[in-house]
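Okay, so subunit A shows up in both of these, paired with subunit B first and subunit C after.
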Partner chain A sequence: MINRKLAKVLAFRYTLLAVILILLAGGLVLLPKYEKHEGINSEELLSNAISPERYISTDELADKIVSQDPSFLLIDIRDEKAFKNNSLPGAINIPLKKLLDEDSTTYLDQDEFDVILFSNTNFQADQAWILCSRLGYKNHRVLKGGLNEWFNTIINPPKPTENMPASAFELYSFRKAASMYFGVAYPEAIKKQPVVKKVIPKKVIPVKKKKKKMPEGGC
Partner chain B sequence: MGPLIPNGLISFEWNSIIAIIIGIFFGFILEASGFSSSRKLAGVFYGYDFAVLKVFFTAALVSLIGLLYMDYLGYVDIGQLYVHPTYLWGAIIGGAIMGVGFVAGGFCPGTSLSAVAIGKIDAIFNVIGIMIGIFIFSELYTLFEPLYNGNFQGNITLVDSLGVNRYWFVFILTVGAIIMFALSDMIRKRVKKIFY
Partner chain C sequence: MKELEKTKRISIASVLTILVVIIALLSYKRPKHNYTVNTRDALEKITDSDYFLSLNEIDNPDYVLIDVRNQYEYEKGHLENAINIYASEILNDDNSDVFKDLKEQNKTVLLYGEKPDEVLAPYMLLYQLGYDNIKILGIEINYDQNTLITKNVVVEKSAPDINAFIKESIKKAAAKPKPIRIKKIPKKVIPVKKKKKVMPEGGC
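Then we have the complex of A and B:
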């Protein structure tokens, strides 16, 4: 009896399986939709945000620009007016409100160059950095302190006092040299060097004495 | 969470071991369901046995639906899965050649190997033929290269290239497949029965 019942059910087994398959596929369509989280997850974003590596110091950047390192893009986050007024050499202007435009993503979302974001302080640049990192863009860094820090350290470096260590003097001379590269003129550099007359030493031409040759053999 | 190996839940070294285990089971099930018989495989083309069509289509659908559910529940990130790159000309012409070989020899590459494992002589010749084909292709690679690398489409899927909602696509595919199964059953009933 049981076998007969079972056989009756099993006669429809393929229909049954087909119905299950259609129900499962239909369930996919009926699933409530939710926006998928795009880009990196929040834990990863946090670990990137607290990493000190996301900042580049003004000295490092100056060194890069002076040595004509081709591996980075400078992105100015300030608005157009400020960008036209003054900016870093070779910088590209992407105002914060245009950050997610299609034209901007070609600069921001790529693997070839390091992207260095900067604004007047690092506040706006940090906002841009968060937005970009959240979208999973790679190799983004922020200029620490922004253009204000750039002005205070590179363009107008504070002179070290005498009780400072030698490294401070080295840093100062580096910054001074860098600022000269960026067009700052120092009065002491312009000072004329006193012309020192070269004393031409008299050439002494020694007269070679002929050595007396020993008589060699006889002929 | 998944896929397991790219996310480091299983170390990379297990890759080949898992592949071998899955391969053994795949071969075993091919043989157990009678796919090592060239008559059964060729039946799709002559209309007396549609088992191959049904089995592989069902397998694809089950894994597709299962993966979409797992992706929805967050167990597998479907974006991290490997998508085979599409070379359009290579796929069309290679597919046609493979189809001709399938009808003529009665084996696809996988089933021919499982038939070799149970000692079928025709399968052995089939595999030798495959090897000769590979040899000819690699010797004449420079000649075939524009065809082989031609019309590269990237790692695209049907959902991407058609631009449709993937859930609806899977649902329509499932319904279509089941209609196809029913039709193939009707064809099978009309074709003269062959015992093999």
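Then we have the complex of A and C:
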């Protein structure tokens, strides 16, 4: 004995089922959006941030610049005033505040070039790197020690004392050559111009010899 | 008979779909740690606000010190009342609980390590996960014969002026050595007594 009402409902059972399934599908689509959850997950970010792989030493960078390696971009993340004052050759300025602007993403979010971030020390460059790493940019590196280290090792390299191994001396000559490439002049490097001596013709002065006159007379 | 076939197919299909949906919902794992701050806000925080403290400001019952170095370094010497949580372990379950508790108790967490650089990664991570009660203690740690020496350090000191140095060096190299004036030493006149030759007297 089927209830009449139930029978009526059951007549629409297929449409009912279809409606239920569509609702469920809609529910799946509208799962809570983690819009703040942008980027890679936090465990990965932590392990990236702690690993020292991102650092590039000043010697390596000097080598790249001198050998005109075309595959990298230098990005200075200090503010514009500091950038105008001095910076590395060929560097682009993206102040830290503008790191996430649209214009900056053309430099940061690309696969062609390696991006090397630097600042005065590596603190701010690390901050920029961590944010870029969260957004998934892969080919970024940080100059270890920043411009301070650049100055202390490349522009003004410390002379090795006599008790250091030969490799220290090689490193010093490499650094000295790099510093010359970047404009530092050393006094010994200047060639001394040969001094042209004027040859003064010897003047011949005839000297009259005075004859000694013997005293006349007796002694 | 056709009706029955249709029913069978539809019911099987619908049951399967519902099963799939249920399984998907159950197996969807929420990531353990969710960011609560997006990158723009994080960037604003690190560029605008002041999150550094120095040594003389740590004497406050609301401050909790956390040492992010590894256990060996911690045992060598650490600041008073500092807890040790190694930087790479801050996302472990126990440590996450510690941070949650501290946030609930409204205490400010001060992170320190051997150098501020070491602390930066855990700081940024924790901030992005929502722990905004965190600051960095800007110190450097050294050991002198097993005693801890801490000193305040300023981060991002401006670089030495490279261009000025280069110009200086060019100037130095181009400078000709100045001729040193030789002082004329006045000739000392020593009077020499001339001995008179005494002619022998007498004949020649």
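Just so it is clear, the second predicted complex is superposed on the first by the 167 of 219 C-alpha atoms of A that agree within 3 Å, B and C clash if a C-alpha of one lies under 4 Å from a C-alpha of the other, contacts with A are read in each partner's own complex, and residues count from 1 in each chain.
Simple rule for what comes next: a contact is a pair of C-beta atoms (placed from the backbone, for glycine too) under 8 Å apart; a residue touches a chain by one contact, two chains touch by 3 or more.
Owing to the predicted nature of the structure, the values given are computational and were not obtained by experimental measurement.
Q: With both complexes overlaid on chain A, does A:131 touch subunit B (first), subunit C (second), both or neither?
A: After superposing on A, A:131 lies in contact with subunit C but is clear of subunit B.
Q: According to the stated criteria, A:46 is in contact with first (subunit B), second (subunit C), both, or neither; which is it?
A: The answer is second: A:46 touches subunit C but not subunit B.
Q: For A:82, using the defined touch cut-off, is the partner it touches subunit B, subunit C, both, or neither? Pick first, second, both or neither.
A: It touches subunit C, and subunit B stays clear.
Q: Go through the superposed model and pick first if A:186 touches only subunit B, second if only subunit C, both, or neither.
A: In the superposition, A:186 touches subunit C alone.
Q: Let me test your reading of the model: by the given contact rule, A:145 touches which partner, first (subunit B), second (subunit C), both or neither?
A: Neither partner.
Q: According to the stated criteria, A:157 is in contact with first (subunit B), second (subunit C), both, or neither; which is it?
A: A:157 contacts neither subunit B nor subunit C.
Q: In the three-chain superposition, say which chain, subunit B or subunit C, touches more residues of subunit A.
A: Of subunit B and subunit C, more residues of subunit A lie in contact with C.
Q: Quick check on the superposed pair: does A:96 touch subunit B, subunit C, both, or neither? Answer first, second, both or neither.
A: second
Q: Output check: A:119 vs subunit B and subunit C. Expected answer is one of first, second, both, neither. What do you get?
A: In the superposition, A:119 touches subunit C alone.
Q: Show which residues of subunit A both subunit B and subunit C reach, each in its own complex.
A: 14, 21, 24, 28, 31
Q: Mind pulling up the subunit A residues that touch subunit C in the complex?
A: 14, 17, 21, 24, 28, 31, 34-39, 41-43, 45-47, 49-50, 82, 85-86, 96-97, 99-100, 119-124, 126-127, 130-131, 134-135, 146-148, 150-151, 155-156, 182-187, 189-190, 218-219
Q: Spell out the residues on subunit B that touch subunit A in their complex, using ranges where they run on.
A: Residues of subunit B touching subunit A: 58, 61-62, 65, 68-69, 72, 167-168, 170-171, 173-175, 178, 181.
Q: Quick check: in the complex, which residue numbers of subunit A touch subunit B?
A: 14, 18, 21-22, 24-26, 28-29, 31
Q: Give every residue of subunit C touching subunit A within the complex, in rising order.
A: The touching residues are 10, 14, 17-18, 21, 24, 28, 31-40, 42-43, 46-47, 87-88, 90-91, 116-117, 120-122, 124-125, 128-129, 155-163, 165-166, 169-170, 172-174, 204.
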